[in-house]
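Same chain, two partners: subunit A is paired with subunit B first, then with subunit C.
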Partner chain A sequence: MTAALARSWRGWLFPVAVLAAAELWFAFNPILSDTLAPPSKIARDGLAMLFDGSLLKATGQTLVSAAAGLLIGMVAGTAAGFAIGLIRTAERTAAWVVELLRPIPSVALIPLALLTFGYGYRMEYSVVSWATFWPFLILTHNALRQIDVRLIEVSRLMGFGPLKRIWKIMLPAAAPRLFTALRLSVGLALVVAVTVEIAANPQGLGLGLMRSQEELQPGRMLAYLIWLGVLGWAINYFLLLFEIRLFAHRTPHGGSTAP
Partner chain B sequence: MIRSRTLDIVLGVAGILILLGLWHLVTSYELISRVFLPGPAATFRSLERGIVEGALLPQTWATIERMLQGWLLASVVAIAIGSLIGVSSTARAYLQPTLEFLRPLPASAIIPVAIAVVGLSWKMVLFVVVFGSVWPTLLATVHGFAHVEPRLVEVSRLLQMSRLAFIFKIGLPNAVPDILAGMRLSLTVALILAVVGELLTGELGLGTAVLHASRQYRADDLYAGIILLGVIGLVSNYGLALADKRILAWKG
Partner chain C sequence: MTAARNAIELKEVSLSFGSNQILTGIDMRVEPGEFICVIGASGSGKTTLLRMIAGLLTPTSGAVLLHGKPVRSPSRRVAVVFQDYGRALLPWRRAYANVSLPLEAGGMPASQRPARIRELLAKVGLGNHEDKFPGQLSGGMQQRLQIARALAQEPDTLLMDEPFGALDAMTRQTLQDEVLRLVSERKTTVFFVTHDIEEALYLGDRVVALDSNPGRVAYDIKVPLPRPRDQLTTREHPEFLRLRREMFEIMNKIHA
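Moving on, here comes the complex of A and B:
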């Protein structure tokens, strides 16, 4: 208990020191006020955006795009992962195609999405779904390969049909790894959504960041940045907690399946 | 029975042919308008024009150069700082929570800050590429140092090694697999950020080429650019995987 407290105390010292140093520096050198802002100003601007609703609106737009893209990527990626994980011929036929398509950087698709859908939610979640499709495909495929062969044999002995085998044996056995895929992809979806907004799509937190910079509002810009950090960290933290809760009793290597 | 390896190759090629066939069918029946999806023939003609006649070569080199410069710079910085943090458990206790907080932050979110401080130029793009691709290697280096075999740490104490000697003789060699894994991830990030930077600044590069093609409804050039970016990703990934194998060969 005290050890944990000491650890967390030491972890807080560095960021607090940085903030204090920044505050002091700005108190004596108020020149950079168009490009950067002292922490007190960031906090004031952040609270102002929170109360006038603009921060929540932008967050909502980003999260909706990220979630929609994630959902499409998850369904398509998991389905494709099951197909190549269960059928050996499909696995071999898809192998090179996957190797060729996967390295295409998701941001390269931004101009294509722009051409196809114009500005708005669709162009954003289409890019997110491309980016999240691959981790789901790969991790589902891996999860299925790592299922204990004895489980499959048991299901054969019990005379399960293929559908029942997938539903009753494979899906539950692969579930912890599938959840890990989900947790990793949630972070990725948020990153890609914000990147699309910064590069092209005029909505959400990415737009907020870019617009604050253009309007010479460094306080707001940095408040957006810190909010984005808190958001990403919090989502990952709670999914990790949830994952440990859900699967701690059956992962063979203890609670954490984090890589 | 055909040998398994041969079957892999036959089916792998078949998969690619099926993909191209589907692509051709979809476009020849115009299931998707050609404005958005040109046929494979038109795309490869555009790709050929770009490479053979050289229209896309300067852009391709510019993007590769930007990616590699930023990545190399980031790797040096990341390994240096990562070693210094990783070698001391006190530094880790103070700094690791901050690093963990910064890790999930989208690297592209630093772009507006970089524009504000550096201006909208190639320097900004390089800064963003370096900043974004520092993290995977930095965290991997710290992780590698934190997981050095305890007996080796004891040995270094017995030999009364200095911190610096420990970093070069024990820490770094032990962290090499982690560092290489981090550097692979960093290279992917570097390519992504180079392209985002080009989309925003209009600096010479494939990102800019692709954006212009999209603005002018030249879908075949757009797809040619995307394919080239995919090839850069593929080749750099394979190159590093090969390098990994050679460097880590001693580990067995």
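Moving on, here comes the complex of A and C:
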């Protein structure tokens, strides 16, 4: 991957040029801005936050909330997806409820979550779990429909009971699609967690962003933004690696699709 | 008549999907240990017939009996080998774990499984491939794996749905002989669906030909060729050649 990035040096040309231009522009126009800062200042502020521990502390708070919410949303959404995917009456009963509840934007639940749980982790991960519940529900339902009927026949012929059939045949058969739901939801969880922190919950990276804005510290604010980008990219990158490792053997002559 | 003697018995079996008549008035008896081959053009309902015996489909009228008992749902005593091994094997399980599947379903204690699995893999010539995923095996090896998995069920009846239809001629002949060897060891009853007349004659004690639209039994002949069969001598046997000619003429008449 790093080798691939090094090879695609052309891809670096543009961002590096922009950074250099910005630095030069600020050098010749020494203005005091509320929204912008020269790249060198962003870097200095970012490093300062890294060394005084505030960046890591905020990152930890945000990631813990996002991960806890994601875990709840994943377990509940997958279970509900299996219920509506396997039980016809559950599918019919749930159809309206799903259509009514799903369009509610997760961030619209912030006031309710705040009233229920007050400030802190619980209100944050409850909103995140709501947001991530839906992709898991929909994609699990979808994944179950796409399981090859041949595999279901095989499990019937072998004489598996319903629970073993789910555990040994359906869950692994649906796993690649469930993993797609996970990758989608990880991004979503991060977005929602930071949004909750910006809007209401005084902790984490969202709070850091808000504070730097209020204290007129564009350098710090932009450092937070860049850090969020790096974080999102890194998480997705490792999930992709993990996905390839888990599922590469399913394609014919697998194991050769290294990143 | 002692119906219970028959491994498989079909009584006036008909099946229709809506107004579409697939099979009509099928009467058939298969003795225990008999190797019966069913041939017919595509659309003659031979696979449908196999699926009814497996308990995956219920006839619209008539009865399907296994050892005298009506079939209502799939039974562990009946194993199925599908043509599309790529879909029938679990792609996330290695060869070893695929064979383990029916043992897990049958509740065999985990401590007893390894020996049984290795024995079966060795039997089908996959002893050195237990750690490979199906996607890493050739078509012939995947079909061997599916056969090992079916045998793990210790079935007294084996249903095979054009199992070698997707394989090349050399692999097909090797596998034909292996199946003959494996089922003769255990005196398994085999219901083998194919569209290849020579394959049917080479393997079967009996060949049943189906006519199409709707599917019905057109012809039922015994194959009195000596066993064990051999790819060269059996196929050159005068009786083989005579039956081959007869079957070709029958099939031509059916589809004329």
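The rule is simple: the second predicted complex is superposed on the first by the 240 of 259 C-alpha atoms of A that agree within 3 Å, B and C clash if a C-alpha of one lies under 4 Å from a C-alpha of the other, contacts with A are read in each partner's own complex, and residues count from 1 in each chain.
One rule holds for everything that comes next: a contact is a pair of C-beta atoms (placed from the backbone, for glycine too) under 8 Å apart; a residue touches a chain by one contact, two chains touch by 3 or more.
Note that the structure is predicted; figures quoted are calculated from it, not measured.
**Student:** Putting subunit B and subunit C onto subunit A via the overlay, clash or fit?
**Tutor:** Once both complexes are aligned on subunit A, subunit B and subunit C fit side by side.
**Student:** If you stack the two complexes on chain A, which partner ends up touching A:D148: first (subunit B), second (subunit C), both, or neither?
**Tutor:** The second partner, subunit C, only.
**Student:** Looking at A:F28 after the superposition, I want to know if it touches subunit B, subunit C, both of them or none. Which is it: first, second, both, neither?
**Tutor:** neither
**Student:** For A:A175, is the partner it touches subunit B (first), subunit C (second), both, or none of the two (neither)?
**Tutor:** After superposition on chain A, A:A175 lies in contact with subunit C alone.
**Student:** One more residue to check, A:L157. First (subunit B), second (subunit C), both or neither?
**Tutor:** It touches subunit C, and subunit B stays clear.
**Student:** Between subunit B and subunit C, what opening angle does the Cα centre of subunit A see in the overlaid model, nearest 10 degrees?
**Tutor:** 100
**Student:** More residues of subunit A in touch with subunit C or with subunit B?
**Tutor:** For subunit A, the partner with the higher number of touched residues is B.
**Student:** With the two structures placed on a shared chain A, what shortest C-alpha distance in Å links subunit B and subunit C?
**Tutor:** 15
**Student:** Using the superposition on chain A as set up above, list the residues of subunit A that contact both subunit B and subunit C.
**Tutor:** none
**Student:** Tell me, which parts of subunit A touch subunit C in their complex?
**Tutor:** Those residues of subunit A that touch subunit C are 148, 150-151, 153-160, 164, 168-169, 172-173, 175, 247, 249-255.
**Student:** State the interface residues of subunit B toward subunit A in the complex, per the touch definition above.
**Tutor:** 7-8, 11-16, 18-19, 35-36, 93-98, 100-102, 104-113, 115-117, 188, 191-192, 195-196, 199-200, 206-207, 210-211, 213-215, 217, 219, 222-223, 225-227, 229-230, 233-234, 237
**Student:** In their shared complex, at which residues does subunit C touch subunit A?
**Tutor:** Residue positions touching the partner: 54-56, 73-76, 78-80, 82, 84, 87-88, 90-93, 101-102, 104-106, 133, 135-136, 153.
**Student:** Okay, in this complex, where on subunit A does subunit B touch?
**Tutor:** 7-8, 10-15, 34-36, 89, 92-97, 99-101, 103-112, 114-116, 187, 190-191, 194-195, 198-200, 206, 209-210, 212-213, 218, 221-222, 224-225, 228-229, 232-233, 236
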